[in-house]
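Please see the structure below; I have some questions.
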Amino acid sequence: MQVRLVQGPFRPDEELASFIAGLEGDGAVVSFIGLARPADAEGHEVTGLLLDSYAGMTEASLDGIARDALARFPVSAVRIVHRCGAILPGEAIVFAAAAAPHRRAAFEAADYLMDRLKTDAALWKREDGAGGSKWIEPTAADRSDRERWSA
Amino acid sequence: MQVRLVQGPFRPDEELASFIAGLEGDGAVVSFIGLARPADAEGHEVTGLLLDSYAGMTEASLDGIARDALARFPVSAVRIVHRCGAILPGEAIVFAAAAAPHRRAAFEAADYLMDRLKTDAALWKREDGAGGSKWIEPTAADRSDRERWSA
Amino acid sequence: MKILFFGRLAESLGREVELALPEPGCTVAELRLRLGGAVASPAVRACIDRAMVPETTRVLPHHEVAFVPPLSGG
Amino acid sequence: MKILFFGRLAESLGREVELALPEPGCTVAELRLRLGGAVASPAVRACIDRAMVPETTRVLPHHEVAFVPPLSGG
């Protein structure tokens, strides 16, 4: 399955291996792995993340983003694996990959997948730290990254 | 070791796992994997590649590209693993990865690594097929991709 | 009917509340007014059957209704 | 001295040839003229001690000299 929302830890290396194993004659694979950082944007320690999800809606949002990438770029396959629930620093949050005959399309599709995921994935993120918990919303940078693709 | 020229097959998934294991607090990893395609630019079957290398010079060219990426982008680590010698269709030719606190720098550095590798790596590629063997040189697209970074 | 909440709304209001829907149904805007509090924020979006909907959409008894804060992505 | 070749040059000329260097050395351009053939192509670059060098560089007996076709990348 190329789009999955998973509750527990997953291994990006295994995702890459199985994504590559499913390809037929592509020459280029670009993958993005998002890892839970041990510090927030202000440098304060983060002890964990909570990614709240809405069963059915969250999966549909990931599916839509994957489908849009396949329609928009000359890529032959994309994969999105996204964690939800409680996540510890250093764990993988997201794996997004694209494969194509040539590298430019694979890079652009992976870049697009991430910009869309940051603003359009139906997920709600809480950072937990020594100083308390904080719900996160897309940053101005996330929104302007997303705008790059709206032409 | 973050830059390696290897004679035999290597596993991109293992490279990704060990690259990630060596990070400290980064949030974003972008990897590119180049696979030997079973067909050439005109669609003719390719039965194998030969990547000729010049011991010492080839490694130095890869090292220089990695160092340039580290100097140019706010990334904390890059890795280049490149095959040389005889390569079969479907096998990995190159693994290039970059890690950074945030995704934009990781994407740009990985993109840069590949554009540089395509034009500046001291390697000479021959495609072998039913119709004979053909030595490959950078395409016009490779050269214009490379030009993107010369500002 | 059940109204679902996610993200910081779920933290303050619980995952769901039970609410009696007026007889001929009502609009999303009317439902939002009745719930009030954090749900009144214009940043909070309404969903019916797992899709975001505009304020004028009519809520009917068989709908699954949710209010969600801005998406925060992965 | 040994002159090394790579890529399609190695295929046609072999990996290396032995060549007597004239006494006070010579320039890369002079060496290229003596080798002739495929080595004469301006697309072929000269390397001394594993770095590309211009045509005016003097070749000395302790140098490792190679001629290489355009790089083809990975």
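Read from first to last, the chains carry the letters A, B, C and D; within each, the first residue is number 1.
Assume a contact is a pair of C-beta atoms (placed from the backbone, for glycine too) under 8 Å apart; a residue touches a chain by one contact, two chains touch by 3 or more.
Here the structure is a predicted model, which is why all the values come from computation and not from measurement.
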| item | value |
| --- | --- |
| Most distant chain from chain B, judged by the mean position of its C-alpha atoms | C |
| Distance between chain centroids, defined by C-alpha means - chain A, chain C (Å) | 26 |
| Inter-chain centre distance, chain A versus chain D - centres from mean C-alpha coordinates, in Å | 50 |
| Chain centre separation (chain C, chain D; CA means) in Å | 75 |
| Multi-chain contact residues (two or more partners), chain D | none |
| Chain A, residues touching no fewer than two other chains | 34 |
| Chains touching one another, given as label pairs in label order | A-B, A-C, B-D |
| Parts of chain A lying in touch with chain B, wherever the complex brings them together | 11-14, 16-17, 20, 23, 25-39, 89, 101, 103-104, 106-107, 110-111, 114, 141, 145 |
| Chain D partner contacts - residues on chain B that touch it in the complex | 34, 51-54, 56-57, 60-61, 82-83, 93-94, 117-126, 135-138, 142 |
| Chain C residues touching chain A - in the complex, by the definition given at the top | 4, 6-8, 10-11, 47, 50-51, 66, 68-74 |
